[in-house]
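Look for chain A in each of the two complexes below; its partner is chain B in the first and chain C in the second.
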Partner chain A sequence: MEILLLNALANGILLGGVLALLAFGLNLIFGVVKVIHMAYGQCVMLGMYLIYTLRSIYEVPLLAASAVAVAAMAIWGALLHLLVIRPLLGVERLNQLLALAGLIIVFENLAHVIWGADLRGVRVDLPVVSLGNLFLKTSNLLAFLGALAVLGILYFVLQRTYVGLAIRAIAQDTECARLMGIDPGRIYLLTLTIGGALTGLIAAFFSPIYSVHPHFGGSFTLMAFIIVVLGGMGNLAGGFLGAFIIGVVTSVAAVFTSTEVAEILALVIFILVVLVRPQGLLGARGAR
Partner chain B sequence: MLEVQGIDVFYGEFQALFNMSLEVREQETVITVGPNGAGKSTLLRAISGLLPCRNGSIRFLGQAVHNLQAHRIVELGIAHVPEGGRVFPHLTVLENLKIGSYIRKARGAADRNLGEIYQLFPRLAERRLQLADTLSGGERQMLAIARSLMSGPRLILLDEPSSGLAPLVVGMLFDFISRIKSQGYSILMVEQNVRKALELSDRAYLLESGRVRLQGTREEFSQESYIRQAYLGL
Partner chain C sequence: MKRWLPVLPLSAALIFPLLKVSPYLLHIATLIFIWAFIATAWSYMGRFGLVSLGHGAFIGIGAYTAGLMFNHLALSPWVGMLLGGGLAALLALLVGWACFRFGVMGDYFALLTLALGEIVSLLLVAFREQTGGSLGFTLKRVGTSWLYLQFEDKTHFYYVALGFLVGALLLWRWIDRSKMQKALRAIGEDEVAAATLGVTTIHYKLRVTMISAFVAAMGGVLYAQYVTYLNPHTLAGVGPSLDIAFKAILGGMFSLWGPTVGTGIIVLLEEYIRVNYGAKYIGLSQIAYGIALVSLIIFLPKGIYGSLEEKLRRKRVLPKT
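What follows is the complex of A and B.
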C-alpha cells in the first residue's frame, strides 16, 4: 500500500513538472498579451503529430524530430499571433475568446483530416529506473528533468536579461513600458513565439509517454486552465505550485480510484480553492 | 529644442487640446499650470507619443516626432515621467532603474548612470533590492524620476511630480528636481504646486480648456495679476 502511494506520489510530481511548463506558457501569454490562449493544448497535440509523422513516416531520429517540432511550433505560435491575435488586440475580450476558442475546432479537425481519429504513438523502449521500492519510467523522468531545466532557463531570462525585464514590465504596465522605449508589438510577438516553442517542447516530452489523437489537447487545456486559475491568473509562481498540486492529486487519486474520479477530484479541489480565494492561491497581481 | 506648433489632440471624439503651441529651449525649465482638465497631462502625452496629434507638428532637435511611436521618441532623448510615480510595482528598485536604460544607446552607460543616481538618491541605493511596491509615495516618485534619467535623456517631461505627497516630501522632491535642472537637463513640468514650480522655472505657460491662456518668463508670470490671484493666492 505504502509502496503504491509512494510511486503515485513520485509519478504525480514528475507529471507536475510538465504541467508546470504548460501553465507557464499560458500564464506568460495571459500576463503579457492579456489574451487567453484557449487552443494551447491543441498546439501541443499538433506538435505531437508532427513528431509522430517525422518519426514513423520519415524515420527521423526522435531527438531530431523533437528539435524540429520545437522550431516549427515556435513559428506556428508567431503566425498565430500575426494572423489571429494581433488583429484582435483592440477589440472586446469576448471576441478574442471566441476567435481563440474557434481555433480549437480548427486544429482538432485539421488533425482529423490529416491523421484520422486513430491513436498515433511513437514507440520508444526505455528502461524503468528503480530506486528501492520506487519505480520510475525513464521517459517520465526525462520529461520532468527537461521541464525543470527549461523552466530554470526561462526564469533566468526573465530575471537577468533586458528582454526578460521588458516582458515583466509590459505585464505590469504596458503604457509605462512604452515610455521606457519598449515596443509592445515586438514583445508580444516574442511572447507568442516562446509560448509556441514551449508547446513543441511539451509535445516532445509527451511523445514517448502518450499516444496522440485529435482530441488529445482538450484534456490538457482544461488541466492547464485549472492549474493557472488555481495558482492565480498571470502569476508564474502560482502556476508552478498549482501544477504540482494537480499533478500529485490526479496521479495519487488515479491509483486508488480511477482516472475519471481523479479528474473529478482535481475539479473539486479547484472549485473549493476558488470559492475561498477567487484570486487563486498566490493572488492575481500580474506576472512577476 | 522642443517646438510644439498648433497641435489638436483628441480623446476619441472629445477634443482636449486646441491649436496648442509651446516651446522648450536648451537647458530650460518650463512649467505649465492650469486647472484640472486644462490639458496639461494631455500635452505631455502627445509629446511622448502616447496620444496622436490630429493637426500641427512637434519637433525635437529639429526632427518631426509627432508621427513616431512612443518607444521611438524615448530613443531620441525625451523621457516622460507619468503622474503618480508610476513605477513597475513588482520589479525591485534596481530592476526599475535598469529598465530605464532599456533603449540600446543607454545600455552601455547603465552602470555609470546607476552609480550617479545612487549618489543623487542615496535612499534608492539603500532600497535597491526592495520591490517598488513597498516604497512610500515620495520614494516612488523619486524612483520614477531617477528611472527617466537612466535613458540618458535631453528633455524630461514631469507630470505632477508632487501630487499626493506630504508637504515635507514635496520640499525634498523639488530639491531633487532643482539638482537635476542644475545638471543641464531641459525640463517640461506640469504642476499643481504653482508657487514651488515657479521658483524652479525659467518660463511658464498657463493652460485653460485646452488652450494657452498666458505665457511668459518667470518674472512676467509671477507679476501677472490673474496668476497672482488665481494661482498664488496673493
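What follows is the complex of A and C.
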C-alpha cells in the first residue's frame, strides 16, 4: 500500500515536470498576447506525429528527429500567429476563444487524414531505475529533468536578457511598453514562436512515453488549462506549482481508482477554482 | 408578406419525402433536422452571450437516461425524454446557479462548461458496467412503434425530426415575444445597468439556460432513437460540445434560421466529401469546416445566414417588426 502510494507520488511529480512545461507555454502566450490558445495540446500532438514519421519511416535518430520537431513546431507557432492569432487581436475575447477552438477540429482531422486513427508510437527500450522500493521509468525521469532544465533556461531568459525584459514589459502593460520603444507585434510573434518550440520539446519528451493518436492533444490541452487556471492565468510561478499539484493528484487518484476518476477529479478542481477563486492560487485579486 | 416566408421551406420539407426520394437523402435530411434542433436549443442561450461549450453534457444525459430506461425497464422514450430533459435541466440549474452567483461570464463560462461536458463523458465511460464504457451500447429493436419511437421506414422518423425542429423554432419565437427576451437582451448589453433597473438577472439567465438544456437533452434522445446506438464520444465530451456550438455559430446564432442553415451546410459538406472522396478523407471536410469556421469568426462574426440577413435588411430598409 505505502509502496504503491510512494510510486504514484513519485510518478506524479515526474509528470508534473512535463505538465509544468506545457502550462508555461500556455501561460506565456496568455500573459503576453492575452489569448487563450485552445489548440495548444493539439500542437504537441502534431509534433509527436512528426517525430514518429521521422523516426519510423525515415529512420532518423530520435535526438535528431526531436531537434527537427522543435524547429518545425517553432515555425508552426509563428505561422499560427501570423495567420490566425494576429487577425484575431482586435476581436472580442469570446470570439478569439471560439476561433482557436476551431483549430482543434482542423488539427485533429489533419492528423486523422495523414496518419489515420491508429496509435502510433516510437519504440524506445530504456531500463527502469529502481531506488529501493521506488521504480521509475527512465523515459519519465529524462522528461522530468529535461523539462526542469528548459524551464530554468526560460526563466533565465525572461529575467536576465533584454528580450526577456521586453516580453515581461509587454505582459505587464502593452501600451506603456510601446511607449518605451518595444514593438508589441514582434514580441507577440516571438512569444508564439517560443510557445511553438515548447510544443516541439514537449512532443520530444512525450514520444518515448506515450503513443500518439489524433485525439491525444485534447486531454493535455484540458490538463494545461486546469493547471494554468489553478495557478492563476498568466502567473508563471502559479502554473509551476499547479502542475505538480495536478500531476500528483491525477497520478495518485489513477492508481487508487481509475484514470477516468482521476481526470474527473482534476476537472472538478478546475470548476471549483473558476467559481470560487478565479484569480488562481497565487493570483492577485481582480485578475479577471 | 414576411410573416408567411417560413411557410415556403416548411412546405418544401413536408413534400420532400413524397417525391419518392432515396432513403439516403431522407437519412441526411433527418440528421440535419435533429442536429439543427440541438443547435437551435444551444442558441437559445448562446445569443444572449451565454456561450456554452458543454452542451454535450446535456444531450449525453438525455440520451443515456432515456436509453438505459428503455433497455432495462422498457420505459417509453417519450417519458425518457422528459426524464432526461428534467435531469439535464437540473444540472443546468445547479451549474448555472453557481456560475451566475459567482459572476462567471464570457470566456470563463465557456471554459467551465467545456469541463462540464468532459466530466459527463468521463462519467459515462467510468460507469462501464451500466453504460458499456467507450464502446457504448445499442438500443433494443422493437420494429415500428410510435410508443417506443422506433421506425423501420425512414419517412416516419423524417417527419418526427421535422416536427421537433419546428417545435424548437416556435419555442425560439416564443422566447422572442416573452418578457424574458427583453430582460436577457438588456442583461447581454449591460448586466449591471439591467440589474439596477430591477431586472432579476440570475432568474432570467437560469430560466433560459434550463430551457436550452432541456431541449438539447430531448435532441440527444431523438438522435439516440434514430441511430439506436449510444456512444459517450458522439453524445458527450469536448467533440460534440464544440460541434453543436460551431454549427450554430457558423450559421449565425443570432438569427432564427441561423443554426438550421449552419447545420445543413456542415452536414451536407461532410456527406459530399464522404461520398466523393471516401471515408478515409472524411477528415478533409472537417478540416475545411474548421478553416471556414476560423475565417468566419475573423471576417463574419454574425455567421453566414446572420450576415446575409443583415445585408438584405439593410438593402430593403424594412421597418422594425
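Just so it is clear, the second predicted complex is superposed on the first by the 277 of 288 C-alpha atoms of A that agree within 3 Å, B and C clash if a C-alpha of one lies under 4 Å from a C-alpha of the other, contacts with A are read in each partner's own complex, and residues count from 1 in each chain.
Basically, a residue touches a chain if its C-beta (ideal position, glycine included) is under 8 Å from a C-beta of that chain, and two chains touch if they have at least 3 such contacts.
Keep in mind that what you see is a predicted model, and the values were worked out from it rather than measured.
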So, does A:L6 touch the first partner chain B, the second partner chain C, both, or neither?
neither
Does chain B (first) or chain C (second) touch A:I105, or do both, or does neither?
second
Which partner chains sit in contact with A:L136 here, chain B, chain C, both or neither? Use first/second/both/neither.
neither
Which partner chains sit in contact with A:F225 here, chain B, chain C, both or neither? Use first/second/both/neither.
second
Is A:V113 contacted by the first partner chain B, the second partner chain C, both or neither?
second
What is the contact status of A:L165 with respect to chain B (first) and chain C (second): first, second, both, or neither?
first
Between chain B and chain C, which one contacts more residues of chain A in the superposed model?
C
Have a look at where A:V276 lands relative to chain B and chain C in the superposition and call it first, second, both or neither.
second
Of all the chain A residues, which ones make contact with chain B and with chain C?
288
For chain B, which residues are in contact with chain A within the complex?
48-50, 69-71, 74-75, 79-80, 82, 86-91, 95, 98-100, 102-103, 107, 147, 151
Of all residues in chain A, which touch chain B in the complex?
162, 165-166, 168-169, 172-173, 175-183, 285-286, 288
Show me the residue ranges of chain A that touch chain C in the complex, using the header's touch definition.
36, 84, 87-88, 91-99, 101-106, 108-110, 112-113, 116, 215, 218, 222, 225-226, 229, 258, 260-261, 263-264, 267-268, 270-271, 274-276, 278, 288
Flag every residue of chain C that touches chain A in the complex, lowest number first.
49, 51, 53, 98-99, 102, 104, 106-108, 110-112, 114-116, 118-119, 122-123, 125-126, 238-239, 242, 245-246, 249, 280-281, 283-284, 286-287, 289-291, 293-294, 297-298, 301
